[in-house]
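Look for subunit A in each of the two complexes below; its partner is subunit B in the first and subunit C in the second.
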Partner chain A sequence: MIGATLSRWTMSYFAAALVALMTAEGLMAAGYGYPAAAIEAPETLILVHIVTIGWLSILMCGALFQFVPVLIARPLYSDALPLPTLGLLLTGLVALVLGFLQLAGHAPAHFAFFPAAAVLLGSGFALVLWNLGRTLWSARPLPLPARFVVVGLFSVGATVFLGIVFALVLGGATSHSHFVTLTSAGVPIHVIAGLGGWLTFTALGVSYRLLAMFMLAPELSGVTTRGAFYVGTAAIAMAIIGGVAAVCTEANLQTVLSVAAILGLGAFLLYARDMQHIYRARKRRTIELNSRMAAVALGHLAAVVILIAVLLSFGALRQHIAAVVFLTCFGWLSGLGLAKLYKIVAFLTWLECYGPVLGKAPTPRVQDLVVEGRALKWFVLYFVMVWVATAALLLGEPLAFRASAGVILIATVGIVAQIVRIRRLADVSATARLPAGVHAPRLLFSLVKPV
Partner chain B sequence: MTVEAAEGLAEKVRGALRGVIDPELGYNIVDLGLVYDIEVAGDNVAIITMTTTTRGCPATSYLKDGARDAAWSVPSVEFVDVKLTYEPPWTPQMMTAEAKQHLGITDGDGW
Partner chain C sequence: MTVTFVDVDVRAILRAGGEPFDKIMEAVNTLKPGEGLRLLATFKPTPLLHVLGSKGFTHEAKELDGGDWEVLFSPSGKPPANAASPGAATVDKSVWPEPVQHLDNRELDPPEPMVRILATLESMAQGDVLSALLCREPIFLFPELAKRGHSWRGAFEEDGSTYKVLVRVGAAKEAAA
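On to the complex of A and B.
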């Protein structure tokens, strides 16, 4: 089979991820976690993991089950695994949250929540790696965008490994000296592997293909693209492998991470050059909302890089690391995620509903499922308030942060409402909505016929 | 079947394929240049050679089936065979002037 097909459970992943996002935003607005609590407090860690696992990782997994087959023009290894995988990831996240609540003294002490989280999340991500890994393995030699995904999968493996070590140490299941040392000093590696290696590097790889596809731009595989891949891979390897080695041998972790940061900056500059080329060389001069908002999210990635550089030059990175992580998670990763969700849900819904009657009945276009003008205001509000919230964190204004988090939640609800309307075909004209043979789509999963 | 009759039937098939749109671009697959060839064999078998805008596109199987069903709707077509190819790969330059204008695409060199 040359083409890829619909993944039945992708919508379930997206729905679960959006619920996690809105939950996290609600908690921030309610003053839960940082800045009301310390950055290493259990409440903050609950918030961070709802965002990184519940929202970003589950969104990424759902998207990869659908788009890795597109990257390599091969079917997914198993269509049966994504549902149990989602179950393991969600129950693992619940166990992890309970573990942190236990740490804060808000959950019964006799339940082994951390070891349970380690098993459940470890199993869930292992299934992700197995399914996507087997899919990618079948398509060697891989095109460049898929190689980014491979590095991202290695990174999530490293992130989860470190997370399991932390959970087992915190849960009292092990007191191995290297594991204890890793738990006390390895958090920066865990964060860089997760946000940088897994979420960012994978997003960069997929963006090469999706942005070119949606804007009719040439697909790149030249010197800058290969450079971005190899330099970025070196940065991630330095941070993860070098970082763990430095912690275990009591070498200077800061030096290792500084080298990784320089390499990361080089990879970012090469990637930025490629993106500039893709946007400039696109054949569709009028680009859709998702591509415009993706460009805004890419601008936030640049802002993250600049913010890190500025804070480093003032020796204030450690003091303001929360603002950097917030801007990374909400300006860059969530901004890109919401922008692409707006497109992907419309595209997949169209395929599910109208694909089977193509050639038999008149069908609307994908763009007929959306009303971009209505969604635009929510995206603008979202991005503006991310800046306000970041500024509030930098200036140490917790009340302003909570207020802006509340408005971010409102903007997110506005975007989610648009996505639900897409799924309900609410904006398709009544005459074109349900031609003979078309069934209204289910909200949470896709009705897919075997091909 | 005479050459003229075969060409006439191929044109009817081409017209039917204009009812099949690429969902992403929102324009019919003929004017987008996705249909590379339509051949009608002696026993009224329509052989369609087509491509998609990008290899691995999730819409591939739907576009292929849609082209088959549209061609089969043409009276006197007895059988339809749709062949998918990526040689040569599709580029926006393969669109008709109308399709380019519809999508706001300007003519230019290369891709």
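On to the complex of A and C.
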């Protein structure tokens, strides 16, 4: 069977991810974690992992279960695995949060939360890798966007491996000397592998295909695209493999990461050129809200690169790393995630409801499911407040940061409400909503009929 | 295990604007156990890679000097996957009639191309063929065609950016009957 069908549990992943995002924003607004607590404090680590695992990784996994088949025109290896996988990831996240609470002295000390988190998250991500890996393996040779995803999957493997090492050392399950050294010195590698190799690089690969698809732009596979892939892969390999080797041999990690940063900058410039080309060469002149907001998110990726460069030149990167991580997570990754969710949920809902009766009965268009004007104001508020919050972090204004986090939460709730309305077909006129043979979609999963 | 390859050169057919799918499938069906196929084409025949993949062939594609492609299909030794599934994976050796409907959907926003194809198919008679030009492979269309019992054949044109799909109404049902 050639082609791609709807992934049944993708909506469940999106829902869980959005709940995690709003939880994290609520915690920030309440003053939990940095800047009220230290950057390495358990409270901050709880916040960071709710954002990176609960929101960004679960969002990415749900999206990949749907879009890897689209990238390679092959069905997903297993449609049964995503649900237990989601269960493992969520319970693993809860165990991890409890482990950090234990470190802070807020949870009973006699439970082995960290080793439990290591097992649960390790098996959850292993199932993600197995399912997507088998799917991709069957489609070799892979098109370029799918190769970005492969590098992303290797990176999440490395991130989780390091995370497991940290959890086992912190949970007292091992005292192997290399593992202890990695736990004390390897945190930057864990962060770069997760935010850079896994989330950013995968998003870059998928963006090549999705943006071209939604804007009727040419699919790129030329020198700049291949260059972005190879140079980016080299940067990630240097940071992860070179970084771990440097830590274990007590060589200079800073040098290794600097080389990786230069390679990463090169890959970013090539990618930026490609994106400029896709937006300029598009056949569709008026573009939808999701593509405009994706462009804003891409602007934030550029801002992250510039911010890192400026802070490095002033020797202040370490001091302001929280602002860099915040802008990466909320301006770039979450901005892109929310923008794409707005389109993907509409498209998948439309396909689920109206696909079976297309041509047989009058059906609404995909754009009839959304009211872009209403969503636009929430997106604008979201992005403006991300800038305010980043500035508050850079200037060391904790109260301003909390206030802007609160407004970011309100803006997110506004966007989520629009996404729920899309899923409920609330903005489709009552007469067109449910033609004969069409069933209303469920909020949290898709009803998929086997082919 | 060494594989002997049977040569099939479809470059002349492609350059003349023809459709070489029948010739390729004919050659595949006459292969002896253990034999492979060496295909020469003017572009990388991505959809064919999937079709033959589902028939149990692995492939190795390389671009030759001058922009032509050589693809080596070797038997993987595994039984063909999805042998019973309808659609393009089914070997349909019959010659299809000339299309009675032509659509140019290259300038339409997704998913309009899919909507137009499915709507047009509803108005056509059993066995009729529709031809549509698209600007990408219609990934989400294929499962819908399969559900409705239609057969299809599709490939990128020589320019590499136009995807041409032929859909035959109800042909999968017919073949299964």
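General remarks:
Simple rule for what comes next: the second predicted complex is superposed on the first by the 451 of 451 C-alpha atoms of A that agree within 3 Å, B and C clash if a C-alpha of one lies under 4 Å from a C-alpha of the other, contacts with A are read in each partner's own complex, and residues count from 1 in each chain.
Everything that follows uses one rule, which is that a contact is a pair of C-beta atoms (placed from the backbone, for glycine too) under 8 Å apart; a residue touches a chain by one contact, two chains touch by 3 or more.
Small disclaimer: the values here were computed from a predicted structure and weren't measured.
Annotation for the three-chain superposition on subunit A: subunit B and subunit C clash. Of the two partner chains placed around the shared chain by superposition, neither subunit B nor subunit C is touched by A:110. Set against each other, subunit B and subunit C differ in how many residues of subunit A they touch, and the higher count belongs to B.
In the superposed model, A:218 lies in contact with both subunit B and subunit C.
Touch criterion met: A:141 reaches subunit C, while subunit B stays clear of it. In the overlay built on the shared chain, the residue A:363 is in contact with subunit B and with subunit C.
Once chain A of one complex is fitted onto chain A of the other, the partner contacts of A:285 are limited to subunit B, with no touch recorded for subunit C. By the touch criterion defined above, A:66 reaches subunit B but does not reach subunit C. Between subunit C and subunit B, the overlap after aligning on chain A sits in one stretch of 26-34, 44-52, 80-88 or 98-106, namely 98-106. Comparing the two interfaces of subunit A, the one with subunit B and the one with subunit C have residues 1-5, 69-70, 73-74, 213-214, 216, 218, 283-284, 347, 350-351, 355-356, 358-360, 363, 365-366, 451 in common.
Residue ranges on subunit C touching subunit A, taken from their complex, read 46-47, 50-51, 53-54, 61, 82, 85, 87-89, 107, 109-112, 114-115, 118-122, 135-144, 146-147, 161. Per the touch definition, subunit A reaches subunit C in the complex via residues 1-5, 69-70, 73-74, 138, 141, 213-214, 216, 218-219, 283-284, 347, 350-351, 355-356, 358-360, 363, 365-366, 449, 451. Interface of subunit A with subunit B (complex): residues 1-6, 66, 69-74, 213-214, 216, 218, 281, 283-286, 347-348, 350-351, 354-356, 358-360, 362-363, 365-368, 451. Those residues of subunit B whose C-beta lies close enough to touch subunit A in the complex are 19-21, 23-26, 52-71, 73, 84, 86, 92, 103-106, 110-111.
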